[in-house]
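The structures considered in this document are given below.
What follows is a pair of complexes built around subunit A, which joins subunit B in one and subunit C in the other.
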Partner chain A sequence: MLPLSTHLEHHGPLPRTIFKVVTPEERDSAGWPAERALVWDPDGRRDVSEIHRDGLPWGGWLTPGDRQRAGLWTGLWVNRVRDPHVIGPGDVIRLRPEGTQARILYRRGAKANSLFATERCNSLCLMCSQPPRDANDDWRIAEMLDVVSLVDHDERNLGITGGEPTLLGDGLLAVIATCQTRLPDTALHILSNGRRFADPLWTRKTVAVGHQDLTWAIPLYADSPDLHDHIVQAKGAFDETVHGLYQLAWWNCRVEIRVVLHRLTVPRLGALANFIYRNLPFAAHVALMGLEPMGFAKVNRESLWVDPLDYTDELADACCYLAARGINVSIYNLSLCVLPRDLWQFARQSISDWKNSFVPECGGCGARDRCSGFFASAGREWRSRGIRPIPPMQDPFPLAALSSGDQPKCD
Partner chain B sequence: MRLNWTKKLGALFGFTIPIAGYVASVWSSPALAALPAARRDDSRAAPPTFANPFEAEGLDRFAAHRSHSSHSSHVSHSSHYSSSGGIYTPPDTTTTTPYSPPPVTYRGELQSMVMRAQLALQARGYDPGVIDGVLGDKTRTALRTYQQDSGLPASGRLDAKTLVSLGITAP
Partner chain C sequence: MNSRPAFRGPASFVPDGGRPYELLPFRFARLPNPPGTVLATSEVGEYAFLTDQKFQDFVGRRLRADDHLYRDLHARHFLIEPGADPHLDLIATQYRTRKSFLRWGPSLHIFVVTLRCDHSCVYCQVSRRSPDAARFDMAAETMGHAVNRLFESRAPTLTVEFQGGEPALAFDRVKSLVDMIEERNASERRSIRFTLASTLHLLTDEMLQFCREHKICLSTSLDGPAFIHNANRPNGSHDSYERTVEAIDRARSIVGAENVSALTTLTRLSLQHPKEIIDTYVSLGFRSIFLRPLSPYGFALRSAHKTGYPMSEFVSFYRAALDYLIDINKRGIVIDEAYSTVLLNHILTPFPTGYVDLRSPAGAGLGALVYNYDGRVYASDEGRMVAETGDDRFVLGTVVQPYQALMTSEAMQWLLASGVAEALPGCSDCAFLPYCGSDPVYHASRQGDPVGHRPTSDFCRKHTGLFEVIFGNLARRDADVMRVFLAWISRRTPAQVSRAGYMP
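Up next is the complex of A and B:
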């Protein structure tokens, strides 16, 4: 696990807070505005005046050690990074004018990078890992635009998450449009509850942005409105989401359907798979996801928790039912040891690096490098009784994946 | 591979939109009236159920059949989901009806689906190796070649379009 924040010290003027960490070598070619670049000097051996000689207005100097400001440099100087592994060249970081915390907003080479759109949400899901707060955080739009302009051009995936990103309205559209022009080769994956897409005008506006590689990942927890509305704690949500899904399908937008597996959703999983095939066959991908023990999920553990070992039959039926019908299906967030062997082909390494961990049992496991592992937030009470090391084997995936390929890695 | 859902849903709901013009017209849209409106005040409408979701031909036939009915009558219909066409039966989604699990287990079905694909490939002169229901390297290579020859994206996957192209349907 590589956390998304650390502490460091910064000295000197701080005219902005978001910077791109660059190596001295790439600072010339990469095309980031010089004043937003923090020059990365891990050894503290670079001669500052050498970098500074060209007189460009560098944003600052970042040396993880405790080297002090040197040479002619009078600008921003960052040092004493508490956990030096957390920050590396290519990352986009946010400093705090007051205080020492630094947050990594984009990490080069991470399997998933997400922009955080808003803390607001119009649903209140029982298992929400990111409980919403009703505060105006429209400033995040500017932050997202800032980050997008500093993301590597060759980044393959970028996610947008929340809260409910569509609540930002035109602000979100601006972010999507910026991604489209600035990162034309980057697939965009947006987590939304889909309710706003019931509004045809909104859907058309998102379509009009014309992003070339955009997936809307929309949760649907049941085939029944009553149950879905109960799980998301919002009356009418099912209808809006389903309307929204049809609106998106109408425009040939790519949609992914996400189902979180817990005590309330598992009993109707088969019916939901059937509903997806019969009624929402345009779904490009269906992700069946293990519970993330964070936020409300922790509070509602009693009503939500079910050991994955106790729903393997339901899960297997849903996966095989959908896969046999040509629908891409994935299992997220469940370790291989709790899944029957024939479901391994669906399992993905879905947990973002910064919240991914393994348990002591994983030490001697032969499938670890193919396994999702666990959420770092999962305490003992969230561990399946099926967790065990898997003996090393020649081909851990005897059934080559029906639906293998590059699935968006998001959880 | 994605099917053209604009066309399909359009046929199903009885609407057409001039796609080419939509971007230009999005801010003040004359075509907007033709869109299925989100009617929050509606009593709950049943989503369309596809009898054979990936069988493109079926929906096209349906579109042809529907083309003589007036579009406006559908716009004014109490629900854009409802239809008198024979293509779907609205499921009862209004209540949590007691759920009886599917009668069969689908784990074996997946394997038989792969076997059917292997047979279909073999019948078309592609060598999928042993007909064992396992989507192994050999089967995937055959699948890829077949997809290439048929103008499908050569993904090596049994995606919906490929299943349809191989003539494989699922209940």
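Up next is the complex of A and C:
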């Protein structure tokens, strides 16, 4: 697990806070604006005078160690990174004018990178891992635009999460449009509750942006409106989300359907799979996701927690129902040791690097390099009684994959 | 951050209390097997099995909103809740999807290139002509017009089927048609699949090579083991079975095994031998068998007293054959029954199939057109067979007339007025309606008018019987049977379907 923040020192002027960490050589070939680049000096031995001589308005100098400012360099000087592994070349970082914390907004080579759109949300899901706050954070639009302009051109996928990103309205559309022009080869994956798409005008506006590779990942927790509405704590949400999914389908937008597995969703999981196939067969992907023990999930543990071993049958029912009918289906966030062997083909390594961990039992496990592992936030009370090392085996995936196994998107 | 907001309990989200749910249009049947099972089907073909008591509770609006059955029936569009409910949109979309075959016009185009044939099958529906009667071949001018009609259909995917007679006796016609169609398709850019119905006996290596080069799939008749096949399909040398098996081998070696299929026509003799017929197919390496009852059309009616049987006997045969097929599939032998696969697709998926003979509105004309060797155009192969006996009511016109004229012809209007099963007496309230079709040609030819009379209709007896067999299997919720069915509809092997999954 590699955290998304660390502490460091910065000295000198700080006219902006978001920077791309690059070597001068890479900056030249990729064309990043010099003023937004921090010169990457991993071992503190780069020749300052040579780089200074090129006359470019460099954003600053970053050296993880404690090399002191070279006399020639009058601009921003960043050093003494507390956890030097956290920052690397290609990353986009945010510094705090007052304070030592630095946040990684984009990490080169990570399984998944997400832009954080807003803390606001119009739902209040009982298991929300990122409880919403009703504060105006429209400044994040500018930040996202800033980050998008610094993401590697060859990045394969980028996520947008929240909160509910569609609450940003035109601001979100601006971010999507920028991704489209700035990152034409990057798949965009946006987590949304889909409710706003019930409004045909909004849907048309999002379609009008014309992004070439955009997936809307939208949760549907039950086939019964009252069950879904209870889980998201919003009456009428089921109707809005289903209407929204239809609006998106009407415009041939790609949608993924996400189901979080817990005590309130498990009893109708098979019936939900049936509902999805009969009514939403256009779904490009269905993700059945283990609970992330963060935020409200912790608060509501009593009403939500089920040991995955105790919902194996329901999970297999839903998963195999969909797979047999050609729907691309994945299991997220559940370790292989709690899944029956024939479901392994659906399990993805879905947990983002920065919150992914393993437990002591994983030490002698033969399937660890194919396993999702666990959320780092999962304490003992969130661990299945089924966790155990799996003996090494010749063919850990005995059945030919039935689903094409879309590139998994992380949480 | 983890401060607990005032979460509301489930009761706050239940629909307004006290107002009863509304029933949506649905149909039902009491299945003979398993006893006591009520099958309910929604307007768009979702289904539910209920006990009689629960069924009474449902229609009496006594189900509670938190009952799992209530939730099942709501999600499957049997009932609707008061207030704004997206389910009407969902139903409309499912309906549009199920009937989406209507969007494009006919996709199956049958070219009867000749009436000549070297066989004299006991159940032949066509007035076959001796092999040297060349005036029963399709003329060049006719072919040109027919190809124009083919491309007037807007369907992006077209199937071109060459029929006879025995098309191998007029293979030059097949070649010309393929060349004309491919040339035309260079600019039309449709997806075109060719099939050729033949005994295969007379297909030379050179002809097979042509089939391979132009990706023509071969469909032949194989009625089972030699004693059945030779009795049903006599040729001059009394060796039709042996020659068919030899020809299948030869054809497979040139066009590839996956491009050679066979179907079985069942006579009274066949009905005694379901296992022997299936075993013959398995031993010859077929992955599919199509068990067809006799089609009592045209000239086949003349021999019906000798070869025919009541439809109930076919249904009994079918039940035994299906049980045997399921059994051997469970043991690892991969073979499906093609008609079951069509019915299962209609039942288990929200999508239509490419199968044009079981549709409402009828596939006749809307899904298929037949260009006869003499230039006459029919709405279905059966219509053509009836016409061979002198009954011209099914002639839409001739190949020189444009598509629009053919489709608005009197014959077409006469058929289509009775081509919507949803509006036919005996069909409109049938539980199997969403999966079935209308067959105005059959009813017109057998019962005098295209509406027909269901209680005495063999079309209805056959399909009611087959649906009861299949739904009987589904109602038992046997996971292994379901795995076999899912394998059939998804073109996988049962071993690749590790579990049945949720069974509604």
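Note that in this section the second predicted complex is superposed on the first by the 406 of 411 C-alpha atoms of A that agree within 3 Å, B and C clash if a C-alpha of one lies under 4 Å from a C-alpha of the other, contacts with A are read in each partner's own complex, and residues count from 1 in each chain.
The rule we apply is simple: contacts are C-beta pairs under 8 Å (C-beta built on N, C-alpha and C of every residue); 3 or more make two chains touch, one makes a residue touch a chain.
Just so we're clear, the structure is a prediction, and the values are computed from it rather than from any experiment.
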| item | value |
| --- | --- |
| Combined model on subunit A where subunit B meets subunit C, clash or fit | clash |
| Which of subunit B and subunit C A:V299 touches, first, second, both or neither | second |
| First, second, both or neither for A:D317, with subunit B first and subunit C second | both |
| First, second, both or neither for A:P131, with subunit B first and subunit C second | second |
| Contacts of A:D229 with subunit B and subunit C, given as first, second, both or neither | second |
| First (subunit B), second (subunit C), both or neither touched by A:G270 | both |
| Which superposed partner A:V242 touches (first subunit B, second subunit C, both, neither) | both |
| Which of subunit B and subunit C A:L201 touches, first, second, both or neither | first |
| Touched partner set for A:W73, first subunit B, second subunit C, both or neither | neither |
| Overlapping segment of subunit C (options 80-88, 386-394 or 422-430) - the one that collides with subunit B in the superposed model | 80-88 |
| On subunit A, positions contacted by subunit B and by subunit C | 223-227, 236, 239, 242-243, 246, 267-268, 270-271, 274-275, 277-279, 281, 316-321, 323-326, 342, 399-400, 402 |
| Partner subunit A, residues of subunit B touching it in the complex | 2-6, 9-10, 22-23, 26, 29, 32, 35-38, 40, 44-45, 47-50, 53-54, 91, 93-97, 99, 101-102, 105-107, 109-110, 112-114, 134-137, 140, 155, 157-164, 170 |
| Residues of subunit A touching subunit B in the complex | 198-201, 204-205, 207-208, 210, 223-227, 236, 239-240, 242-243, 246-247, 249-252, 254, 267-268, 270-271, 274-275, 277-282, 284, 313, 316-321, 323-328, 342, 398-405 |
| Residues of subunit A defined as touching subunit C within the complex | 124, 126, 131, 223-227, 229-230, 233, 235-236, 238-239, 242-243, 246, 267-271, 273-275, 277-279, 281, 295-296, 298-300, 316-326, 342, 399-400, 402 |
| Complex contacts: residues of subunit C adjacent to subunit A | 1-2, 4-5, 7-10, 12-15, 46, 65, 68, 71-72, 74-76, 81, 84-86, 89-90, 93-94, 97, 348-351, 486, 490, 492, 496-502, 504 |
